[in-house]
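In the two assemblies presented below, subunit A is common to both, partnered first by subunit B and then by subunit C.
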Partner chain A sequence: MLELKLDRVSKQYKQKMVVDRLEYTFRTGVYGLLGENGAGKTTLLRMAAGVLKPTAGQILCNQCEIGKLGGAYRMKLGYLPQKFGYYPNFTVWRYMEYLAELKAVPPELVKGRIEQLLGDTGLSGVQSAKIKTLSGGMVRRLGIAQSLLNDPEILILDEPTSGLDPKERIRFRNLLSSLGRGRIVLLSSHIVADIESLADEILIVKAGRLAEAGSLQEILESAEGKVWECTVPPGQAESLNRRVGASSMKQLEDGRVCIRIVSEGRPAEDAVPVSPNLEDVYLYQTMEGGRGV
Partner chain B sequence: MRLLKMELYKITARPVMNIAFFVMLGFFLLVLWQEADGTRTELDGEVYHGLEAIRADRQIAKGYEGPFTMEKAEDIVGRFGFSGYMEEGFQTREGNFSSQFVTDAMTDFLQTGQRPAGYFTGDDWENYGKRYVEGNFWFGYTKGWEKMQDVWYIALVSLHVWLVLMAAPVFSEEYSRETTGILLSSCHGKSTGIRRKVEAAMGIGVLAYLCLCALMVGLMGILYGWDGLGASAGMMVHSFLFAGHGTWSVAFLLSLQFLLGLVSVLLDIAITLFLSSKCSRPATAVTAGMALYFLPYVGNQVVFRMLLDFGVAELPWGWAVMDALRIFCFSMPLYLPHKELAGIPSRWLWYIPAVAALELLASIWRGCRNYWGYE
Partner chain C sequence: MEKKGKKGKGNFMEHVPVGSRLRKEKYVLEEIPIDPVRKRQILGKIAEAVEEKRYLYCPTAMEVFRRQIRYISGFCIGGQMACLMFLLALFWQFQVQGEEILAYLGTGSAAAAYMGVFLMLELSRSRDYGMAELEQSCYLNVRQVWCAKMVCFGCMDILALTSMVAVIAGKTTYGILRVLVYLLVPFVLSNGLQLLVFTMFRSQKKGYLQMAAALSASGVSLLPMQYPAWYQASYLGIWVCILVAAAVFLGKGIAGACQKLEEGESICWN
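And now, the complex of A and B:
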C-alpha cells in the first residue's frame, strides 16, 4: 500500500520557519489542507512534489526518501502548483503532448489519455486553441488535466478550484471524488466547502505546524462546545462581532440578527452551543490565540 | 525525439527572431555579392569589373598555380608590373590579383603605400620576401576565400548575438512563466527534460551556423570558383607565414576556422544557458549574455593595452598576467574563431582549447544543475 510520510519536515527561509517539524503519514485517500495565507501549505505541497528541498527532515515514499527515488517518485506524481505557468503560444493539445512526454506516458497511450482528460475537464472543444486565448477557469482546468496525465498514484493539487466558477467547481469535485480511490490526493484550498465535500481527512495548518488533523467527524469534535449562536438586536450583534468576532451573521425578518460565534467560553448570556461545521473549526483553529499551535 | 522537437519548437516559436535570422543571412550574402561585384582588374590594358574581373583574375592566376618561385614572381612583374593605388588617397588598386599578391608579399608597398620600384632588399628580403619563393609556398586564386573570411567573421559575430537572444530564455523563461513547478516534478523533468533543452539550444546553434557557412561557401564557390582552396593560407593572411602556419592550405585553414566557429557557437550557447539558469528573467539573461560575449574585446583591446602602457610586462609576473588575460580572451566565443588566433604565440595554443573545453563543460554542467535545483 502506498505511503507518503512527512518525517519532521521543516523549511526555513532565512529567519522565517515556514514549515516546522511537520510529521504526518498519508495513505490512499483524499487529504484536504486548510490554513491561512502564509501558513505553509504551498511550501509543504512543493516539498511533497519534490520541487523544494526540506531544510530539515525528510519525505519518504514507501520508506524511501523522495530525493533518492528521483524519477521513480516523480513518475508516480501529478502536481498542480498554486501558480500554474504555461506557454501562451502552445495549443492545448501541444501542451498536453509536451507534458505527457515529460511525464513518461507511453506514446501509444498519449492520444487516448489526452482526449479523455480534455473531455473530463470540458476542454475538448478548445484543444486546437492557443492557451493564451483561454479564460482563467479554462486554464485552471487545463492545469488539472495535465496533473492527471500520467494517472498518478500521488496527486498534489494546490488551490485547484481557485478561479473556477461554481459549475466548474462541481465538475471538478465529481472528477476528484472518482479519482480519490486507490491513490493519495493532497488538496489545498481556501474554499472550505470543497475540502468538506472531498477530503477523507483534513489537516489544518497553522504557522507551519499541524494544528489539527483527522476525519471530518474528528475535526468537528475538536470544536465541540466552542460554537455558539444567539439572536440579538443589531446593535448588540455589532458589539459582539467587534468583541469576539462572528463566524456568520444573518439578518432575520423581525430585524434582529442571528449571530454565530466561535469562542472558548459563552460569548453572551443568551448564546446557546450549536454543532460546529468545518468553517467553525477552521476559524477556531486559526484564530488569534486559538488552540491551534 | 518528440521531447527534443517540443523544445526546438519552444525556442523557435518566435517569428520575429526567425525573420531576423533570414534577414541577417540575406544581408551577408548580399555583402558577399557586392564584394564580388566591386572587383576590378586589369589585363592587357583592358579594365574588367565584377564577375568578368573575377574570371580574368582566375585565368591569370591559373597560369601560375602551384609552388611559387622567383621565376613566376618575375614573370608576373614582367607582364603586369608592380601594383600601386590608382590615385593618391584612393584605395583602389592597379593591376590584377597576381600582381597585387607579388607587390604585397615581396615589396615594401604595405608599409609605404607607394608603388614600389623593386623587391625587398637586404634583411627585409631574407626575413619576408624570400619566404614566398622557398618552394613550399603554393600559389592560387584565393581572393574569394579572403573576402569570405572577413565577411564570415562579422556574420558570425551577428549570429552570436542572435544566438544569445535565442538561448537566453531557455531556462529563465521557465522561471519567469512559473512553469518549473510542473516541469521539475515530472518524471523526466530533472533528467531528459533538461538534456533536451540543452540539445535543442545547441542544435539550433549548430543548424544556424552550418546554414550560414554553407550558404557563404556556396555563394563564394559560385562567384569566385573553387580554385585556391589548395593554395597556401599565407596568400590570404601574410602574418600566417611568419607564425609558421603560412603553408597550411586555404582549405585546411578555412576548415579549422569553421571548426573553431562551431566550437565558439557551442561555447556561446553553453555560457548563455548558464546565465539563463541564473537569471529569473530572459531580459536579464540576454543582457548578461551580450555583456559576457563582448567582454573579451574589452580585455584584449583595452585592458591588455592598458597593462602594456603601465609597464606590467616589465614586472617579473607581468607577462604571466598578460598571457592569462589573452588566453582567457582567445578561449571565449568572440575571439576563438578569429584569424588572429593563428598569429598568437604557439606556447599558448594548448591552453586555449583546454580553457575553452573547460568553460564549455562547466557552463553546461552548472547551468543544468542550477535549473535542476531551482526552487
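And now, the complex of A and C:
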C-alpha cells in the first residue's frame, strides 16, 4: 500500500519558519489542507512534490526518501501548482503533449489519454486554441487535466478550484471523487465546502504546524461546545461582532439578527450552543489565540 | 492439464513399486472444471489492468533529445542557426575574396560571443512563464530538460567553433590550439556573463537584458581587431590565463545554478 510520510519536515526562509517539524503519514485517500494565507500549505505541497527541498526532516515514499527516489518518485506524481504557468503560444493539445512527454507517458497512449482528459475537463472544444486565448477557469481546468496525464498514484493539487465558477467546481468535485480511489490525493483550498465534500481526512495548518487533523467527524468534534448562536437586536449584534467576531450573521424578518459565534465561552447570555460545521472549526483553529498550535 | 500429467506419469509409474506409486498419487490434483467464459472474462480484466498501468515508460536519451528539439522556440533555434550561417558566410568570404585573417578572427570571435544568448533565452523561457515549478515535478525535470537543450545548442556551438578553428588554422601559422584559445576566450566569457544575468534577473523582459549582455560581450570581442598585437604569440599566456579564469567563472555559475535548482526556491519564485 502506498504511503507518503512527512518526517519532522521543516522549511525555513531566512529567519521565517514556514513549515515547522511537521509529521504526518498519508495513505490512499483524499486529504484536504485548510489554513490561512501564509500558513505553509503551499510550501508543504511543494516539498511533497519534490520541487522544494526541506530545510530539515525528510519526506518518505514507502520508506524511501523522495530526493533519493528521484525520477521513480516523480513518475508516480501529478502536480498542479498554485501559480500555474504555461507557454502562451502553445495550443491546448501541444501543451498536453509536451507535458505528457515530460511525464514519460508512452507515446502510443498519449493521444487517447489527452482526448480522455480534455473530455473529462470539458476542454475538447478548445484543443486547437492557444492557451493565451482561454479564460482563467479554462486554464485552471487545463492544469487539472495535465496533473492527471500520467495516471498518478500521488496527486497534489494546490488550490485547484480557485478561479472556477460553481458549475466547474461541481464538475471538478465529481472528477476528483472518482479519482480518489487507490491513490493519495493532497488538496489545498480556501473553499471550505470543497474540502468538506471531497476530503476523507482534513488537515488544518496553522503557522507551519498541524493544528488539527482527522476525519470530518473528528474535526467537528474538536469544536464541539465552542459554537454559539443567538438572536439579538442589530445594535447588539454589531457589538458582539466587534467583541468576539461572528462566524455568520443573518437578518431575520422581524429586524433582529441571528448571529453565529465561535468562542471558548458563552459570548452572550441568551446564546445557545449549536453543532459546529467545518467553517466553524476552521475559524476556531485559526482565530487569534485559538487553541490551534 | 491433469489428464496430461496422469498420462505422462502412467508410463513412468509402471516401473515404480506399488506402495510408492500410491503415495505419489495422493498428490495428484483433482480435476477442476474450468468455465471458458469466466476464464476469458478474468483474463480480459487482467489485460485491462496491465493496460491501465502502462502509462509510464523510461524514454532513452535519444528519444529525449529528439522530442525536446520539437519544443525549442523557433526564435532561439533560428537565431542559433543564423549565427552558424553568418560564420559560414564569413568563411566563404574569407576563402573567395581572400580577406584578412584578422578580420575573420575578430568577427568570428564576436559571433562566438553572441551565440550563447539563444541558449540562455531558451533556458529562461520555463522560468519566465512560470512553468519551471510544474516541469520540475515531472519525470524529466527542469535539470534534465536543460541538459538536453544545452547539449543540442552546444553541438551547434562546437560545429561553428570547430569549422572556424579549422579554417583559420589551415590558412595561417597560428596552429589549432592557439586559434582555439582566441575563439574560446570570448565564447566562454560571454557565456559566463549571460549565465550571471540569467541567474540574477527574472522577468519576461529579461530577454532584452540577456541580448544586451550578449551584444556587449560581442563588442568587447572586437577589441583585439583594434589592437592586432594582442594576437601575437607573446600574449598567448595572458589569453590562456583569461580562458582559465573565464572557465572557472562559468563552471562556478553552472554549479550555482544547479544548486539553486536542487533547492528549488528560485524555481518557486514565479
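Annotations for the structure displayed:
To be clear about the criterion, the second predicted complex is superposed on the first by the 293 of 293 C-alpha atoms of A that agree within 3 Å, B and C clash if a C-alpha of one lies under 4 Å from a C-alpha of the other, contacts with A are read in each partner's own complex, and residues count from 1 in each chain.
The criterion applied here is as follows: contacts are C-beta pairs under 8 Å (C-beta built on N, C-alpha and C of every residue); 3 or more make two chains touch, one makes a residue touch a chain.
All of these numbers come straight from a predicted model, not from anything done at the bench.
After superposition on subunit A, the partners subunit B and subunit C are seen to clash.
Look at A:75: by the touch rule set out above, it reaches both subunit B and subunit C. In the superposed model, A:87 makes contact with both subunit B and subunit C. Looking at the shared chain after the overlay, A:98 reaches both subunit B and subunit C. Contacts of A:235 after superposition: neither subunit B nor subunit C is touched. Of the two partner chains, subunit C is the only one that A:109 touches; subunit B does not reach it. When both complexes are overlaid on chain A, the residue A:46 reaches subunit B and subunit C alike.
Contacts of A:151 after superposition on the shared chain: subunit C is touched, whereas subunit B is not.
With both structures placed on the common chain, the touch criterion links A:166 to neither subunit B nor subunit C.
The superposed model places subunit C right into subunit B at 289-297; the other stretches listed in 37-45, 109-117, 289-297 or 307-315 stay free of clashes. Shared contact residues of subunit A with subunit B and subunit C: 46, 49-53, 71, 74-75, 77, 79-81, 83-87, 98-99, 101-104, 146, 150, 156. Across the interface of their complex, subunit C is touched by residues 13, 46, 49-53, 71, 74-75, 77, 79-81, 83-88, 98-99, 101-106, 109, 113, 146, 150-151, 156 of subunit A.
Per the touch definition, subunit A reaches subunit B in the complex via residues 46, 49-53, 70-71, 74-75, 77, 79-81, 83-87, 89, 94, 97-99, 101-104, 107, 146-147, 150, 156. Residue ranges on subunit B touching subunit A, taken from their complex, read 2-3, 6, 9-10, 13, 174, 177-191, 193, 373, 375. Looking at the complex, you find that subunit C touches subunit A at residues 52, 54-59, 67, 71, 125-126, 129-141, 145, 262-265, 267-268, 270.
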